[in-house]
Structure formats: C-alpha cells, structure tokens
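The first chain written gets the first letter, and so on, giving A, B, C, D and E; residue counts start at 1 in each chain.
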Amino acid sequence: MKTTRIVKNILSNYESDNPGVKGNLARMLMEGKLGGTGKMIILPVDQGFEHGPARSFAPNPAAYDPHYHYQMAIDAGLNAYAAPLGMLEAGADTFAGQIPTILKMNSANSLMSGTAGKDQAVTASVNDALRIGASAIGFTIYPGSDCALDMIEEIRELREEAASVGIATVLWSYPRGEGISKEGETAIDVAAYAAQIAALVGAHIIKIKLSTDHLMLPEAKKVYEEQEITIAEQADRVRHCMQAAFNGRRIVVFSGGAKKGENSVYDDARAIRDGGGNGSIIGRNTFQRSREDALAMLQQLVDIYKGKA
Amino acid sequence: MKTTRIVKNILSNYESDNPGVKGNLARMLMEGKLGGTGKMIILPVDQGFEHGPARSFAPNPAAYDPHYHYQMAIDAGLNAYAAPLGMLEAGADTFAGQIPTILKMNSANSLMSGTAGKDQAVTASVNDALRIGASAIGFTIYPGSDCALDMIEEIRELREEAASVGIATVLWSYPRGEGISKEGETAIDVAAYAAQIAALVGAHIIKIKLSTDHLMLPEAKKVYEEQEITIAEQADRVRHCMQAAFNGRRIVVFSGGAKKGENSVYDDARAIRDGGGNGSIIGRNTFQRSREDALAMLQQLVDIYKGKA
Amino acid sequence: MKTTRIVKNILSNYESDNPGVKGNLARMLMEGKLGGTGKMIILPVDQGFEHGPARSFAPNPAAYDPHYHYQMAIDAGLNAYAAPLGMLEAGADTFAGQIPTILKMNSANSLMSGTAGKDQAVTASVNDALRIGASAIGFTIYPGSDCALDMIEEIRELREEAASVGIATVLWSYPRGEGISKEGETAIDVAAYAAQIAALVGAHIIKIKLSTDHLMLPEAKKVYEEQEITIAEQADRVRHCMQAAFNGRRIVVFSGGAKKGENSVYDDARAIRDGGGNGSIIGRNTFQRSREDALAMLQQLVDIYKGKA
Amino acid sequence: MKTTRIVKNILSNYESDNPGVKGNLARMLMEGKLGGTGKMIILPVDQGFEHGPARSFAPNPAAYDPHYHYQMAIDAGLNAYAAPLGMLEAGADTFAGQIPTILKMNSANSLMSGTAGKDQAVTASVNDALRIGASAIGFTIYPGSDCALDMIEEIRELREEAASVGIATVLWSYPRGEGISKEGETAIDVAAYAAQIAALVGAHIIKIKLSTDHLMLPEAKKVYEEQEITIAEQADRVRHCMQAAFNGRRIVVFSGGAKKGENSVYDDARAIRDGGGNGSIIGRNTFQRSREDALAMLQQLVDIYKGKA
Amino acid sequence: MKTTRIVKNILSNYESDNPGVKGNLARMLMEGKLGGTGKMIILPVDQGFEHGPARSFAPNPAAYDPHYHYQMAIDAGLNAYAAPLGMLEAGADTFAGQIPTILKMNSANSLMSGTAGKDQAVTASVNDALRIGASAIGFTIYPGSDCALDMIEEIRELREEAASVGIATVLWSYPRGEGISKEGETAIDVAAYAAQIAALVGAHIIKIKLSTDHLMLPEAKKVYEEQEITIAEQADRVRHCMQAAFNGRRIVVFSGGAKKGENSVYDDARAIRDGGGNGSIIGRNTFQRSREDALAMLQQLVDIYKGKA
C-alpha cells in the first residue's frame, strides 16, 4: 500500500504515535473510493443498540443481517465500517481483509430511564479488537454529562491499551447530559469544545456533530462576539471545529443524524469539504434507504468530497 | 460426535468463535432427543434463588434434591441443564459427562427491597465453570434497569474470559426495572430489543421471554405501525425476535414463565417452532409437576419440535 | 485420623470439592466429644466486635482474654472455635493444632448508624487463614439487606480463593435489613430461604438462626398454606431448613442468640437433633456463664446430640 | 540490641507475628529514655494536615521545618516519631537510623465539609514505608462513621501488606461520625470499644484517646451499671481499656488532645501509668511549646513513666 | 549539565528522592534564561480543556496550534512547558529535547454542572509521560472539595509510580468546592494550607495561587490574629506560604489567574521574588497576548526574577 502525499502529511501530524497506529490510520485513509484524498466516509451501525432493532432496520429489513452492512461498505467503496462487537463478529471472518473495521466499544440504549443520555456500557475489549482484526476502536464520551469524567477515564485507559498494540482510537464526542441544554447539544461553541476535549485526550479520529450557530455557554458567547468569530455558515463552523482540533492536526469527521432528504445530506458534505473537515460518518441515511438508493447517495458523496459535485 | 448438516449450518454463523466455544455449542445441539435437529430444550433450575425453596420445590418435594434435576434432564433427553453453582456442584461428579451443564453465574432473590428487579449478584466464576465441566455460563441482564450498564459490563468481561477457555455464553435478556412498565416487560418491541442487545454484546445463545402484541416504546410503536410489522400471533412475534437476533444468526430459546396448563405450554412450543425459534427453556413447568407428568410433557415438547405434534 | 461411616457419608455429599476442603471438613467433624457422630458444636466469639467488649465479656471478665476461649473449646471437647483475626492470632501459636479454628472474616459493630444491620467490614484474608492454620473461613451475609448482593459477591470471591487452598467456608446466613421485618428475621420461610441461598453460593457449612412459625413473604405464605408444610414445632422447622439445604446434602448448624435459661438452650438442641440438623453454634450462652457452668452446659449439649439426654 | 525481660514478655503476646514485625516492635520499645521499660512516648506530627500549618506551627515557628521534629524526638529520647509521608521524607536521610519512624498513611483535613470527621485519604504506601526505613505504618479509623467499614477494609489490606514485609501497624482508633455524639467521642464505653476493634483487626499498637466517665451506648450503659464496672477515675478507665485490648496483650498508648497546662499533661501520664497503659502519644503539647519547655516536659513524662515523678 | 550551587542546595532538600527524580528537577531548574538561579517560569496550557478552545485561543488564534506553545516556551527561555496529553503529543517529536515538559494528567471542563469545581478526570498515564519524554507529571487537587480525598488518593498512586521511574511531580493545589467560599479560594490561610497539603503528600513542585489577606477558616483566623502573623503584603503572604512548604524545603511556583495588565503581572512577580517564592506559572497572560507582547513580557519577568527589574 503506497500512501499519497496528502495522507503522508496527515500522518505526520500524529508525531507521538507508533507505526502500528499510523499504519491503521493509513489503512483507513487509503481505503475505497476516497483512498488517498485525505477525505473519509465511514459507515457506523450501532443504532440497533441505541434505538432498538425495529426503529433501525424495519424500513429496510435486509439490514437486520450483519452481513448486509459489511457488503454495503465494501460495494460503496467506503473507508471503514464501525459497529458493536456482536455485529462485527457476525461477519468478521467472511469479510476479513475486505474493509477496515472500527470496533465500537461502548453503547447506550433507549430502554433505560435513570442514566439515559448520561452514560454508556463498555461492551468489548481491546483484545476483541485484535481478535477480529479491527483497525480502530470507537468510543463515545458525553462531555457535559455527570458521567463525563468517568467516561473520559475509561477511554484514557482503553486508548492507551489500544495504541500499545497498534490500534487507533476514534472518539465520538457528543455533548449531552445535565450540563447541556437540548439546543446546546449542537451549539457551535459546544461542538468546538467537544472537538478540543477529544483532541486533548488523545483521539486519533474525532467524530462530532454538525452544529448550529447557537452559543450555549455564556462565558464563551462573550468571546465569540468580542472576537467576531465567523459562525454563520455551516462551512464556517466546520472550519472553526477544525481549529479546535489542534488547528487541523487531527482528523475530524462529522455525523449527520437522523434520516433526511438527499439534498440536505449533500449540502452537509459540501460544508464539511469547504470547511476543511475530513469527511462524513453516515449511518441511518445509508441503511434506512434501499441498497440501490444508498449506493447512489454514497457515490454522490464521494463525488462531492472529490470536488466533482 | 458427528454433527448434522443443520447443526453445522448453525455453527457456521458463529464465525468469530474459536473451536472450543463451537465444540460446546455443538455438544448442546447434539445432545438428547432433539440432538442434531437445531432445536433445544433446556432445563433451568435457579428459582430456589429467585423465589425461595418452598415456592419452588414444595409442590414436588423430591425437587429439593439437586440430583433430581440432573436425572430429569437426562431421562427426558434434554439438551442441557442450567443451575447456580451450589446446585450444580452437588451433582457434578455423579452425573459427570451425562448431560451438558450451564453454570448460571448471577442470581437475584425475593428478600431484597432496594434493588429488587434491578440487579443480581455474581455467584460463580469462569474457573468454577471449568472445574465442574460446564459447557456454558449463563448470565442475566435486565435491560431497562438502572443497573443495566453495570450488568452488561459484567457479562462483557465474563463472556470474554469464558470464550477464551472455550466456554459458550447463554444470556438471559430480561427487560425489567425503572425504564420498563409491567406490561412492557413482555411487549414485543421490548422483547426484540432485548434479543438485539444480547446479540450485540456477543451472546452465543439468547434466552428471552415470549411476548405479547403490546408496544411499550412510543418511538418504536410509531415504526411498528408505519412499517406494518406483523405481530398479531405468537409465531409472528417469535419470527420478529429471530430477525432481531441477527436475522437468525444466533440461537434463541424462549422461556415460558410460571407453571400453567399443559396445552398452553404446547401452544407456546408450536409458536416457537413455527416462528423459527430454536426451542424452549422450561423450569417450573417441569419440576413443579410430578416426575411422570414432567417426563410426559417433555416428550410431547420433543415431538412438537420434531414436527410430530 | 480415621473417619467414621457417618462422616464419610457427609463428605460424599461434597462431590465437587477437593481433598483439601474435605480434609478440613473431616477435621472439624472428627474433633472433640462429638467427633465422628456427624453432629457439631462450634464456639463463636465475635461479639466483642458486634456488641462491644463490656456487653460481651463483663459478665465473666476472664473472657476478655483470647486464651480463655481457646481453652474452653478444647476443654469442653467442641468441634471448632470461630473468631475474628486479632482474637485468633492472640492464641494461634499457644494452641496450635489443639482445636480446629474458623477465621471469621467479616464483622459489623454497634457504633455505626448508617449501615447498621446492613453491611459488614472484611477484616482478614485467606492468606491470614492459611498463616494461622485455620480449617475454615467464616463469613456473614445479610440476605434482604440492600448490601446483600455485594456481600454475596465478596464471599463468592473469598470462597473460591479459600477452596483453592483447601480451606472450607462457613456461611452465617442472617436475613436482615431493608427487606426484612423484625419478626421476619426469624420467620421460617425466611430461614429456609437463607439456608437455600447459602447452599447455592457454595457454603460448606451453613449457619442459620432457629426460627419461629411466622411467615413473612406473602407469596411464600400462600405456598406454605396450600402445600400444608408442617412448621408448628421447632423440630419441624429445622427439618424444613435441612430440606432447603439441598435435602440435607449440606451441613447446617443453628445459633441460639442472646444468653437465656439452660433449659431453653437444651430444648433448642433437642429440636435441632430431632429435626436432623447438624448441631449448635453457641457463643454468649457459653462465655457469659462462669467456666464451670459453661462446661456443664456444653457436656449436657453433647449428651443431647448423642441421644443420651 | 538486647531486649529486656519486660519487652520480651510484651513481644511474646504477639504470637502470630513474624520476626520482622517483632523486631520493629522491639526497636521502638527499646529506643530512648524509656527503652526496655515497656513504656513508650511517641511524637506524632500530622496536625499540619488535620488543622493546617498556622494553627499547628505558628505558636512555635521553628516547627514549620520537618527537621525540627526529628531532632526533638531524638533529643528528648522518645521511642518513635510519627508523621505523614512528605514530613518524614524531608528528613529521612539526615536522621536515618537515629529514631524509629511511623509513617502515618492516612489523613483528614479541615477544609472539607462533606466528609469532615468521617473519612481520610490514604497518602502513602507500604513501599514508601520500606523506602524511608519506617518501623511501622500508622492509620486512623473512625469507628462509628459511615465510612468506618471502608476504613477498616483499607487498614486490613495495608496491615497485611506491611506485616508481610516486617513492618508493624499502629492504629489510631478514633470514634467519630454519624453514630457518635460529641460527648460520646470520649465516652469510656466507646473508648473501650475502639480499643477492642483495633485489637480485633490486628493492630500491633493501639492509639486511643483518654476517656471520660460518660456512657454513650444505651445497651452498654446497662451492662456497665449491672456489672458495676469501675470507671470513676482516669486510671480505672485506662485499666478497663487495657482489658478491652485483649486483657493487656496489646500495646496501648493514649493521646492527650489539644495543648493544655503542664500539670494536666502530667496527671494524664500518671493515670496511664497507674492504669497499666503503655504510654503517651503527644503532639501539640510538645511542638506548640518552645523547644526548651517541650524538652523539660518530656523529661518529666519520662520520669513519671519510670515511677520517679 | 553542570548544576549551580543554588540548584544543588535546592536538590539537597529532596533527601528521600532518587537520582532520576532529582535529575529531572535539575533539568527544569537549569533550563532557559533563569537556569541555575533557583527561579522558574513555567508555561501551562490546559485552558482549552478547562475553559474551551475559543475562550482560550480566539484572542490569539495562532495559539490553536500546539506547536505555537512549544516554540514560545523555547524562544522565551522558560524552564518548562506543561499541557495535557494530546497537546504535548502533537509536538513531542518536533521539539524533543528542546524544552522540559510537564504532562498535566488530569483536567476539568466547563461543560459539566454536577461535578463542576469538584473533580477532574485523569487523562494520561505515567507510561505516557515516559513515552513522550516528560520531566514531570502535573496533577490538580481541589482541597475542600467533596472529591478531595479521592483526588489525593489518585495523586498518591501516580506520584509513587512516577517517582519510581524518575519522573517528578508538580501539584496544582487549588482549594475549591463545597468547603470553600469564593473569597476563601484565595484566602491566605487557605493558600498556606494548600501548600502544606501538597508538601505532605509528597509534591516535588507545588503550584498555588497568589492570595489575598482574607482569612476563611474561623479556627485559623484566631491563630493568625493571636500570633500576629504578617499577611498584609503579597510578599508577606508568599513568605508565609513558603513556610507552609516545609519552611522553604519545597519548590513553590505561583499562578496569576486570568489575563490582566502587564504591570499587575510584574508586581506579582516582584512579590513572589521578594517573598522567597520560586517563580511563576503563567498561561493566559502569555498566550492570549500576541507573540511579540508575550515574549517582551516574559523577558521582563526574567529580569525581575534576576533582580534586574
């Protein structure tokens, strides 16, 4: 596998990481139709855990089968496929070597009242990641939740263990919980803060949500206004989040949320591209469409990231 | 032990598991009168812990003796016998090699008020399972309870340890606790969700309850209605739960609950069979009847699963 | 040490235990005046921890000295002496090999308000037991307390560690706490349940309290009445508790509680004997009497268990 | 170092301890002006942690310097010097071998509201004790606090580890917290109970407070009155506490509390001596006086313990 | 590297530390423009974690880039650069060997409501410190918070592990939380207490805030007034804090807080110098100014510490 200059430049920012971790980052960056461009599209399928099976897969029942998602990620030429342990295990042998995988190591569910939106359960180990040949572990933290310090300490430990065996860490940094208003969950000051925290705790790839121009934290709001930070357009906000990710020294991918119209998905991707983001992580908008529609949409996203659409 | 084509097909779905785990799954699938059919009947006796000894065994006092249950499972030609540590230890030598055993590793009790229906105590270790020659560990999680995340993290660890020494994991996935209404405990959306969670955390055999056509989660209810998912008959609901278990890639057995009339037990089994489920796990309906009645009933269940009744 | 047929029969019920544990059970069963009869009298002295020194020993100040109790157990020809670490250490060398000891590994105290009657502190290790030559560890659980699951998990771990080095486990199973009414602490349904739980978690010797004919748990009460379980006499209740201890496959000793009249103590012992129990564990009724009175009473108890009184 | 007959007798009570621990007990018992008498004076300086630096040392600013206390303990001919890690480390090399040290391993502080008087932080390890050449570890428990069970479990572990490398354990047993009234903290029944608990968990040297004739626990009060236990004089109460310390089989030293008049300090020491206690642990009354005054007072205490004053 | 007499004297106070730790202390004391003077200026950049990226870096956007701070510390001739893991990793290779680094191992954030100002998350390990070549670990404790005992126990463990591999410990001792009023956070009695606690738990370098003449603790206030402790001027208060740091046997650096006017920064430094403090730790006042202004200010601070300004 020969890496492109763009990918080499990205890897050079991970200056304290060992060749194992860099190799796995390269594997994901060089995979699929966007391989070598420095852009990424990742397919995440953990909604069966988070929202339940019917809400996730009933609109497209073929998606109940774990093999479906592996095949989709491969056929669409994506960079990586992320899912919880059981989901990955059910196809890890059949699809071994055909697509880089990210073992999502913690998950929440919609059945709990007490800790809903506050904490997740760790459901896999770094040994599991090694055993099924994953390139990275995935982990969610909820900055702003009362459990955030515990979650950060968990990923600290898992990240160190994973890196010690050459596995990269993808951090879902999703502000949520007691300290965060509903609107604040996607506020730009909060999103940038989430990116910063992920970078500081050592994430190799940062996953945050696209944001709005809302400002939640009063102390931060003051600064945004005084310094006249541009946050009007989505591309501006992506650009600001890249600043918060060590001025672009870390890979950041953005998630789109619930299923929505195609054009809206494409507009998001263009904003990510124009703001200097590294790509999309796109789940429900993929597997809740028919296979044909999903493949068409993903091809269009590839074209957008290549600057052709 | 030569496995049948059906069993080989089932085993092929466990594509990330080592030969030790597969061997123990095969051992249970090939045992007894249903051996080789891909169907299973398991005898579980943990009600002494959950409900107390008199409520469990007074209707048939011979059942106070741990040897009684081993002998019943053997004589009825069942696939496996599941019980807590003390119960298994008391007959493990006498019946060594005569019936696969499942070491039930956690239990609740009816004496506690504070955590009733929320949590269980771990009462055995994987070393205990090895020491008494068990084929699998059994573990209960209560999705929906405030303790669910902790329980999931416990089984994550135990499952990994057990699999590393070739022992399979049977997961009792019983929604219960703060997030679940009484009716919701057996709602079909909740049951399917319970099967999905069990599959995602890596259970080899999933044990859930038979469900009703109630829908508890508002967000899920919407999807069931929009997508017109068929849930009117028990067989439909079993079929839907098999979808939630990775489209049938995981073994699912269904439990029947408190002692009830024979015909009702048989109807349950037919629904499980017709919906594509893998079998029954049947405790009180066995040992709270006389030995003769229990043997007759179990023979009838075998016949049902063989399609003869 | 040659074991009797009775003791051999008892040992044969411990079919999953290693020769080390069986050897220590044999050591206790063959010791003293009841050696070889299958009956036991054990002297427990942990009341200094539970109730304080003056309440325990002021009525007989010689008992402040740890040596006093060792000597009493030896001179009275008892089967074993149980006490917390400091107490045993203070005489372990002087009396080495003269009487089997049980290291009581957890204790509560009467100074605490917050967790009174709910939890105990672990005060010794299995290594301590080995170091001072104890035959068994002793541990209290409070079924019904909000801490019960934690206590069960503690003894699970200690029991496994102890058994792995050939040390037996004596479980004080004392229902208490949030889920248990004052009357319920000695209710027969609760006592039998306590014996069952102790057996299920793997206790080699079970210590429960003598019970009353009260029935605390509504669901259980129904069964006792429907099944017409005989619980009128203390001997009946002892017999029922032996059923709950795997139909007599586990050794059960009964405790008598606070100091009381001699005849009452003797009546208790006769009921234990007639109900098929294995013996008495008797503390305050021993050491709060003068040495002479205590020795006379213990001789009488020996005679009762031998069927001579 | 040749030990006296008195010291040999004391050591013989520690019959389960290894030569390493006995050696360190001997080292403290044979040190200084009271060496060989079986009596001890220990200098503890942890008040900087408990009350803050100015409240502790401003009355005699030379005492801000850790070297000051080492020198004081040496010059006054005391048996040992006890302090937290940082304090001991700051002079451990300069004064190596000149005075036995006790590493105080946990401490509270006066800044906290939430857990004030309930818990302490562990601030050192047994390895630290070995590394700086300490003869013993010191540890505080608060019997009666809601944290007492946890504190007891902490010292259980540390005591075992320390003893395994030949280091003795000094236990500060200070009743305090939710279960204890202000007057109860120094009540005689509570003080004796504190000594008993310390002995039972395996302390080699027990540190308790001098007590009053107040009786806090109603159940205990009844016994003290019925048994007519003599508690009128301080010497009586010391004697009673020695009973509670395994009838004098454990070394008990008494603390004096806040700075007070010289005569009061001397009266305390005479009571300790006359009641059979082993000595004083005396901090603020030492270092809050000028060096000259402190040396004079300590000489007088030595004379009292030698029966000359 | 040849150390000066002043540095040798400072090192001699660390009499229980191994050559590895002393070597790293020497490395920091000998670095930069103040090298060899016994004075230090440290650049800490953890505000992105504590306050968020925009509040920290928007006033000088170049500071979003981790390399900026390394270069600043080097160009200004400072003694060390302190930051969280991700921040240090992003430049650790480029600047290897050019400036001693302090790995800040725990951090709080402004998104949390529940534990705000009470606790921090551990975000790195001692292995991380070794891996990136750090000279010291940095850790914050909040004396006065309900989490203070836990934080102290965390640093106890990390400090021991770090020292065992020759890495020094810098303790941010910041009184805060339930027990501390807003004014109390910078009260002189509280600041001196914070220095004392840091010294007692074994910090090699203590970081506290400059204080006011407010006295928070009533018991302490009494002593300050009775003993007529001089606290009117900042230099007096620095001097008092040095007393509390083992009479100057430990290195203490003072932090200045939020960005403020230059003269105010200089006055602080003169007070630290005149009171015998070891230097400044200065973050926002550096990186929130332009590079030119920051370099000029830091040169002036160097001159002040050298007694030239």
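As a working rule, a residue touches a chain if its C-beta (ideal position, glycine included) is under 8 Å from a C-beta of that chain, and two chains touch if they have at least 3 such contacts.
Remember, predicted model here, so these are calculated numbers, not experimental data.
Steps from chain B to chain D, minimised over paths through touching chains, total 2.
Between the contact lists of chain B and chain C, the overlap is empty.
Because chain D and chain E carry the same sequence, their contact can be compared by residue number, and under half of the numbers here are used by both. Centroids of chain A and chain E (each the mean of its C-alpha atoms) stand 36 Å apart.
Annotation: 58 Å between the Cα-based centres of chain A and chain D. Counting partners per residue, chain C has no residue that reaches two or more other chains. The chains touch one another in a closed ring; read from chain A in the direction of chain B, their sequence is A, B, C, D, E. Those residues of chain B that touch chain C in the complex are listed here as 48-49, 51-55, 57-59, 61, 64-66, 84-94, 107, 109-116, 119-125, 127-128, 131-132. Note for the complex: chain D touches chain C at residues 13, 15-17, 143-146, 148-150, 152-153, 156-157, 160, 175, 178-180, 189-190, 192-193, 195-197, 199-203, 217, 219-220, 223-224, 227, 229, 240, 243-244, 246-247, 249-250.
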